[in-house]
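First subunit A sits with subunit B, and in the next complex the same chain sits with subunit C.
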Partner chain A sequence: MKALFGNGRVICALVLPGLAVMVFALVVPIGFSAYYGLTDWAGFGKFHMIGLANYLEILTADPVFWRALLNALILMLVTIFIQNPAAFALAAVLSHLPARFSRLLRTVYFVPAVLSLVVITKLWVNIFNPTYGILNKVLHLIGLKSVMISWLSDPRTALGAVLWIILWQGFGWALLFYYTGLMTVPSEIEEAARVDGAGWLQAHLRVIIPFMFPVISAVIVIDVISSLRQMEMIFLSTEGGPGSLTQFVSVYLYQKAFIAGAYGYGNALSVLFVVVAVGLTLVVQRILRRNDDAQ
Partner chain B sequence: MKKLIVVMLALCVAGGLWAQSITLKMGDNLSDRTTTWGAVVEQINAEFKKANPGVEIVTESYPDQPYQQKIKIYATAKQLPDVFKYWSFSTLLKPLVDGGFVMELNKADFAKYGFVPGSLESNVWGGKLYGIPVSADMWVIYYNKKLFKDAGITTLPTTIEDLEALAPKFKTQGIIPMVTDGKDAWPLSITYDVLVERVNGDFSRQQAALDRKAKFTDPDFVEGARQYLKFVQSGLFQEDLMVSDYGASRNLFGQGKAAMYLMGSWEMGLAADTNFSDEFRSNVDAFKFPVLKNGKGKVDDLEAWYGGNYVISSASKYKDLDLKYLKYYAERFPGLAWERQATFPAQKVEPRPSDSPVAKKLLKILADAKKTSGTTTIDRSTPQFKEDHQNFTRELSSALITPEEFCRKLEASAEKASKQQ
Partner chain C sequence: MRSRFAGTSVLYLFLVILAILQLFPLLWVFDYSLLKSGDLFGPELLKLPLVPQWGNYVRAWVDGKIPRYFMNSVIVVASSVAVSALISFCLAYSITRMKWKLRPVAVATVTMGMVVPIHTTLLPNFLWFNYFGLINTHMALIIPYVAFTLSFNTLVFMGQLRTLPRSMEESAFMDGASWPRIFWSVVAPMTGPAIVTVCLMTFLNNWNEFIMAYTYLSSDELRTLPFSIIKFQGAYRSDYAIQFACMTLVAAVPLVLYFFFSKRILAGVTAGALKG
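Then we have the complex of A and B:
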């Protein structure tokens, strides 16, 4: 067996199919995108090579691209530092509840995660509707009669409203991960910490969270990736508006390539987006690995 | 043996039928096939199929924006429908013409179908005809007569100032004064066009700016932007204007929740749309876009153009049949569209006593027009300029930029577009 796996040809034969899939599914499309990013192609008809003009324009003179990246960063931070701790705390509470209650509540919290994103987005667009939406109606009921906020189109509230929908939809997943992770923590560890005099909070902070670090790392990496690739929800609710306040890169490059007829520019955006996404994922993984080693 | 012969004969007949059967692929932006315009097209298709046995018609329909994207993708993939509805604009048809995707037509073939003067010309690029126009588009304000009466409004506003003053009267009744599609932004960009004309009284200024003979930062454009911002923020429109799409805004009006609907004459079919109540349908009417008290524009200066058209794919295998269909469409469409009061055709129609009030009014608005705008500004330049114009108008509508910044951005985009064309 050792000799078999030491044979170069065998290794090649085993690696080649997977590699071929990778090359055709990833490298070739990115290569094409990089090439078309050097053109002024509208998506059909003739085109000209314009060198790095698209890339330079994106990096130096396109505030929407930077706004889209900033929004992804804001979403990432909100997910990691608000959604995750909340999901962890709730998972910790659920793990101590009687099984029947815990199961019921877990199902309730997980419902948004199994619903179609289109349904969820339309649901919230209707809730946020200033004229007939339930949110403004509730505010009126509790006495705030003058409040008539257009949650998704008011520059002051649009990003917050969009982030809320994303967090609401993703909360069930985070909860599921943390709950499953907590179930794998041996009860002896917590009991030992309690015997040593640690309280509930201290036991979680000093013992359980460090034990769960691999789960936390995985959730953070998923959060980073999903923050970057936000598309459908934005497209169905604000399309990046008002202005570009809720713009995300995937929506922006789609609008450029397929609506504005700037296919070359859209491709250049997608290449830069890949670079940013890979770079950011590597940085996050390095930080997490360092923390993991330190544990 | 007998059985074998029967089977073989059956196969021959089936094969013969198979060979005769032709499927014409079509595309349009008329998702509702049971009422108004979509129903007219279905009737034309049914008649055409009956007159041409063995011809099948398969139609793909989507709302405007997804449809335009779909056509671009089909063009790239060389899978355009044989015959499809599109728009004559430089932002939409010209890229297809430049790419050689659209078949050239013979103008003489369509001379006898009563097209309104100038309408066929809107489909001419480089001296060649590429499509037939289907609708005459005018920018008007639809209104619900009953809701006006309920609010105690007896005279229609003739100035924008009077129009803006109506907002509180409707709001106290729990009615939205006016709705339009703000999400897609093109109605907002068209409204900016109209307001600039209401300031300077000159429809040619927009083209001059695109030709770089004037600047979008000139005082009349800046004043137009100021008037636009004032108009959008006057409380007339629905609170969620910027996220309210075509269907949502149309429904608010059709369901009697809004008193006015700022839209084009293609919505004439509202009066015949059975999705809405009889009460609504009998109360829908239209009036001319008002003027500014201190502006140079007149109420009979009409924002009007010939937008929608039908074209044939140059890659179609059945070009003769496609052309036959197009001629049949040109022959049948104006009569059927007017009979059903579905839309305002780009061909001569005979007014009838039974026409709906809104149809009569639209005919009058067109007859009263002293001058017309032609194609809207957003569709006179590049697709990127159109996208920019719409985005800047969105930003201005949300007061994220000032009228002066809006004009500066428009100027920079027009400068860039002029170098690309």
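Then we have the complex of A and C:
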């Protein structure tokens, strides 16, 4: 069958379009960023090569960059340690319900995930609005008459509010991943554990979660990537403010390049960001794989 | 038994409340899109629209230029769905079926496409596309929309192709069928579910994309649908009801699609992600 599956011309015809698009829209641009990251270009006019000065400044003298990474890290941890367990528990409950009811609920829980981030963000910006937003109205209804918080611009609540929107939208995804994973668990496994005297919770902790480890790992990797990726939501709600409390790297590099006129600096941020994202993903994958082998 | 029944009831009640909480924000927006802007400042959480203000929708439709943005979205998204599905299928086929030396490179590129944050390409692509005169054309969106859905789609197709036997293609080849024919009448019909998944996911992702559309397009004639919401914020700052009507209209397309295809979407979402 070499003539069939080893036909060089056919392989080229199949592979080239895909690779060409990837190279054009993904690989070359990163090369561009690597080049402009070494310059002091403002986006127009002349510029000079300034070596690694941008990178040095970002790493040693740019608190906003570190704040943005810290926020991504906080989001990652909250997603993995709070949202995921909640989604897992709910998925476990749903998997024991009658099929029709479970399907209806899963469909409803996933609705926010199919909507545009622009709609989601603007919706929550309105909910969080201090004067007509529904959140303050609810607080008034339950007796907290004096509460008048501008959730997205108050330094005490801004990060929490922003994280809430992201977690709310992502919840349906996590639920769906875990539900699909749970469906692959053979029912004998749980039954065997039950026969051995394990309760519902114990059966899940001791038998089902270890069995689901590959799924959990995959979801964690997705969480890491998507935590770093946040942009539209921030861009359309707080723009990183107040100060840089809710800043994320993508928003920051955009603002630097297109608003502050530091195009070279913005590109250096882009390059560092790619390195951080790829590096972190590889590290997390390696840690998870090692755990998987250990079991 | 009684306590068991009570426990189950509490559980169901909890699940339903959670579902309502998940839908409530949407309901709230829809509700106030049918009221007058001033109603928003009342103390009620929801208010029955006794006299529905359909005029809000008319104004959102006309002043928000929704038909134009809608058509632009259709053009950009339909092209990117078609192209992305086609070339990711080819890529997946060559990776799972064909034998060639540089295959690991292709696999690495596809994997990288999943990991690199797409927004890092915003700055360089602005220059790069500008160099080819693509900025402020729909191509400036179609190309990255294809590129950034390619990896996921390839993984979905790879997952499906791995489950299919090669014998069909082999026997078709023995019978003297040409490659295009093998593709079209042997392989494509077998990958039906994956094709539907890929098209739906690519559609939803690109239909909802905002930041590239915002960055690469500057003329109003070319803007895509999510932009209409942003536009209203400037022009009708205090006209909340119209903004809400606009949000409802923009949300409607994915919701309708989801309503009809929820089973396939729910199955498809996990397919690529978990196998990859």
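The rule we apply is simple: the second predicted complex is superposed on the first by the 268 of 295 C-alpha atoms of A that agree within 3 Å, B and C clash if a C-alpha of one lies under 4 Å from a C-alpha of the other, contacts with A are read in each partner's own complex, and residues count from 1 in each chain.
In this section, a residue touches a chain if its C-beta (ideal position, glycine included) is under 8 Å from a C-beta of that chain, and two chains touch if they have at least 3 such contacts.
Owing to the predicted nature of the structure, the values given are computational and were not obtained by experimental measurement.
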item: If touched residues of subunit A are counted for subunit B and for subunit C, the larger one; value: C
item: Subunit B versus subunit C as contact partner of A:G241, first or second or both or neither; value: first
item: Subunit B versus subunit C as contact partner of A:A260, first or second or both or neither; value: first
item: First (subunit B), second (subunit C), both or neither touched by A:T131; value: both
item: Subunit B versus subunit C as contact partner of A:H204, first or second or both or neither; value: neither
item: Partner chain(s) touched by A:V10 [first = subunit B, second = subunit C, both, neither]; value: second
item: Subunit B versus subunit C as contact partner of A:R67, first or second or both or neither; value: neither
item: Touching both subunit B and subunit C, residues of subunit A; value: 131, 258
item: Subunit A partner contacts - residues on subunit B that touch it in the complex; value: 65, 68-69, 72-73, 75-76, 91, 95-96, 98-101, 176, 182-183, 238-243, 252, 257, 382-384, 386-388, 391, 394-395, 397-401, 420
item: Of all residues in subunit C, those that touch subunit A in their complex; value: 11, 15, 18-19, 22-23, 25-26, 28-29, 40-41, 43-45, 86-88, 90-91, 93-94, 97-100, 106, 109-110, 112-125, 127-128, 143-144, 146-148, 150, 154, 166, 169-170, 173, 179, 204, 207-208, 210-211, 215, 226, 229-230, 233, 240, 243-244, 247, 250-251, 254-255, 257-258, 262, 265-267, 269-270, 273-274, 276
item: In the complex with subunit B, residue positions of subunit A that touch it; value: 40, 42-46, 125, 129-131, 148, 150, 152-155, 237-239, 241-245, 255-256, 258-262
item: Residue ranges of subunit A touching subunit C (in the complex, touch as defined); value: 1-8, 10-11, 13-15, 17-19, 21-22, 24-33, 36, 90, 93-94, 97, 105-112, 114-119, 122-124, 126-127, 131-132, 134, 137-138, 140-141, 168, 171-173, 176-177, 180-181, 215, 218, 222, 225, 228-229, 231-232, 235-236, 249-250, 253-254, 257-258, 263, 266-267, 270-271, 273-274, 277-278, 281
